[in-house]
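Below you'll find a set of structures to go through.
Below, chain A partners chain B and then partners chain C, in two separate complexes.
Then we have the complex of A and B:
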């Protein structure tokens, strides 16, 4: 059974809270360590404010990514700007790490057309709501990079549930066969909405699925931003050097509802959630940086204030935009709209 | 500047919500993000933080009211522009009032401007409808013709006194409707000879007997989920308790591992909490089987409803001295009926009867 798996085989860089086991990642300097922290705080702030905005009716239903920030920031910081990112809805705010304004993403969740971007402007695919459909997109893009002789790569995010989908198989298999420069980042939070991982797979670990595709599979602690970063960097290096795709499984346990329309108390193990919240990834990294002498109260406050200010400006700007014209729903759907669309 | 806060869609396409509890009062000065109100939806309870800073001037909707999404809940005035960029502009509502949203109760705010076209105003005059009491479902809360008709229909005087179903009564109503719709229930009943049994401890004795019998009849300590029967290895029994607010079913955990004294003590504690209204939500959840006993009001027989999603409920009915035949003689014994109401989808009559008889046998053998 999956539950019997010890987490001793998880890659980790951040040690326990007394500092036991702390490491440095080669080639990651102090400035980069702090940049990672800023990204974590920005994502956390975006997520927490979005839940508030939803409850105030200012954005629509929202997929919460609380405590998934280490996976998102750790992975993206290992990329160059010319590398492509393919997010699922869980990584809706990943554009922030490329400098996209919060307004754009807030508008996406408000169902406003200005929430859509041209993927080529940001090297960032659109947010995939259907499960795993972005995996073949990413495989195709990565293969294209190889065919053009460019050394950039693609990284695709998906969840544990996606690994049961046909599109996942097609995408990972094609990327492997074509030796495409692709990093497959599986955010294994052990819940596909209310389906637990044990009802999802008999595999010992999702990373083990890599074996069947003939590519490397790596398993890391999903709450350890540096472990995710290190594993992604190794995978990116391999991809650029012509070594093909890597499957990374970032393991944690979903400690927040699936989304704002979900009440997980009906199915989740609350004791496990409490334990997981106690190890939440932003605080854990903050304590690591304090132990390393890189962070103090003043800097923490400054970084958090800046993130909050960005969100306040973001929601204000989003609400200042003119509401979308409902006609847009139909504008580009038909050359000649059928008669019944004109009724009512 | 004054702001009106409207009930947002707190899920994915919700049309209404119940005002659980107000966390502010009229006259309170609040900061942005202070918690305003607790809203109960079909799925969960959500505390809503205020998007505005300022003075709470008016609360429009009472606790317990069920109102459509888009209803103005509260007005907040005096938020000054220095309060921060987030509160300097009124949010553009995301949720247009839906034509499909049932109009239950939400008169327009007192003194609020009524939005309606001249045509609608004329029609309102003809129908003798006061527009200030009508909920608008058109653009920006405008009152449209259909609102007048639904309002007029709702105003037809009915018979008798009307009282909103809320709180515990509402939860009971929802729960029993579900139980009654989903469970094809059958009741088996048989006599039990309680002579020599300490009837003051009848509920703990029964809980113990039921726990023992369920080991042999696991399909009654179960629930039906989709196309699967889930056999539970917990013996957590609900016990029906009548309170002034209505019937509550607190749960005694691990009945299989407790002594009679322990069962008795826990039963008393839960019954007192139930009557005092201090039960915690978790003390009311996740029972695996239920026992009900109404003492003198237990009747010769009642037909309890299965406590959904459980499979069975065992009833203890009125125990009294009755003439019965023993060894060819008419004798007076202490007798009462024991019933088992069960979900026939999961259990057949013969097995259910055997279980009930097994419980009766254990009770009779407990006689001093």
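Then we have the complex of A and C:
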């Protein structure tokens, strides 16, 4: 049976539910703490509503990111708007944190062309479906910005399974050799569909892989939004100062199916999942903010209502959009299309 | 005009395009300090600096994936794959991203990258230094593919590729890197993609080829007492269908020649085009002279694999009964 990695060496900021171990992150003020909460709620609401929309046949197959919100929001909040984000499909809704309308992302999952954006409009790469192949893109972007004398950096998300791919190795190595300003955020939820981390690697920790590339590797609690935020901010500061890439491993345990087409009961430890769901990251942060006196019932309700409203408007707008024009088969395959492209 | 080898023409194009556009950069394995294993990139590091002629780690998928990111940062990367068969790891990035990213952005972001690589056999090299992988590339939507056979085209097609807003792959016939010599215009010189070249005019049979096989067809035409028209298609995508069909209308007989294995090779596409569009012009079957459906061989027997003047001549004679 798969044994969980020890979590005693994890970076943490949020203490236990009785407040033991709570601390503040230097430089993160009350407004930013609340902004992080709003982002967590927005992502959580997007995810939970999407599963419902899928069950209602309103979106297609959907990759669930329930309980991954702390990693996503914690990391993105450490970036400037001119920094680039390269998501995997697990971070499909990350654009919400840059102000992208929910409709756009819902349309992506509805297979509608209006769900595909211009990366330059959001400094956000397309949702990468093949595993780890976005890592070299992020390395190239970060390196290319540095070559141009700009001080923006890049953040790339990928999962634990991605660290077995050649593209992960080639991308992280390229970034390291070029001293590219890149933050590599490994969402280690310990499962690649049904494959547990022990079948993926013999490494003690995925963050240990950084050693082989000559770059820093850190490991944080993936359910602690402030720990992720602090580690990402430190990595971004180092990248911007010319210190090159950092590998961050955000450790948690996948507490939801891989996607709407997956039934994990065939392979997962249900007791462990139940335990993990009890530690879910949004409620944990909510309790931290309440202990700090920053959040009360009224504000929680206001923030959750706003997120729900955004989703209601998003799906309504998506469903009101005209069906895709089949002409779009051809419209964007090339800038200068070859004459025989339409021969079918 | 200067008389250059095909390899020198490639080098000339790179110097010209890097000089012309400050966004153009060259990257690849051994392209900087060594100037490339064939010296195609010689002098670029010294002239344009380490930021625009970059020695990369030995990782073709990372190299091409990195170039996707460089495009997003505003560069026009020219990626050298050191050899044909060394490019295979990059097919992952080529298929999953390079050919699709423009489409994926709803046509709003361009990926003007160029991949260039020496390709083809006949040079007495170790295994996996003699492949002709053009069909893998041309089968990938979103990618353009061109293959020069002369020094002037090597310069002009590469310049066109670098300036093109779409990803373009240029295969350079290494067999004639140093033996193909010819006049090459100095400075700015572009040969547009999608225009075939009639290498030799004739009336009895059309020989269609690209890369090093153009020379084999020209030698065949000289050796035979038959009027052969030799078409160097130069660009596989976009393809100049009209030049091919016009020639078939004139001669009624076709032999297609390529080094790559036969099955699903580009010759099959050309044969299908002619069957669909010119079958009533034909006076005989469309024939192919190609490599065989085997791994590219040990070099002591590679001449038995490569299409030769003898094999092309036999095909021509069979058509003329």
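By our rule, the second predicted complex is superposed on the first by the 321 of 344 C-alpha atoms of A that agree within 3 Å, B and C clash if a C-alpha of one lies under 4 Å from a C-alpha of the other, contacts with A are read in each partner's own complex, and residues count from 1 in each chain.
What we mean here is this: contacts are C-beta pairs under 8 Å (C-beta built on N, C-alpha and C of every residue); 3 or more make two chains touch, one makes a residue touch a chain.
For clarity, every value in this text was computed on a predicted model and none was experimentally measured.
On the shared subunit chain A, the superposed partners chain B and chain C are arranged side by side without overlap. Within the superposed three-chain model, A:61 lies in touch with chain B and out of touch with chain C [touch as defined at top].
By the document's definition of touching, of the two partners only chain C reaches A:332; chain B does not.
Of the two partner chains placed by the overlay, only chain B lies in contact with A:260; chain C stays clear of it.
When the two structures are aligned on the shared chain, A:144 is found in touch with chain C, with no touch to chain B. One of chain B and chain C touches more residues of chain A, and that partner is C.
Of the two partner chains placed by superposition, only chain B is touched by A:315; chain C is not. Judged by the touch definition given at the top, the superposed model places A:101 against neither chain B nor chain C. For the overlaid pair of complexes, the smallest distance between C-alpha atoms of chain B and those of chain C rounds to 20 Å. On chain A, the positions that touch chain B within their shared complex are 52, 54-61, 110-111, 259-263, 265, 312-313, 315-316, 319-320, 323.
Across the interface of their complex, chain A is touched by residues 25, 51, 56-57, 59, 61-75, 89, 92-93, 96-97, 101-110, 141-142, 144, 164-166, 194, 237-239, 241 of chain C.
Across the interface of their complex, chain C is touched by residues 84, 113-114, 116-121, 125-126, 129-130, 133, 135-145, 147-148, 154, 166-167, 169-171, 173-174, 177, 331-336, 338-340 of chain A. On chain B, the positions that touch chain A within their shared complex are 5-12, 33, 43-44, 46-51, 84-86, 88-89, 91-95.
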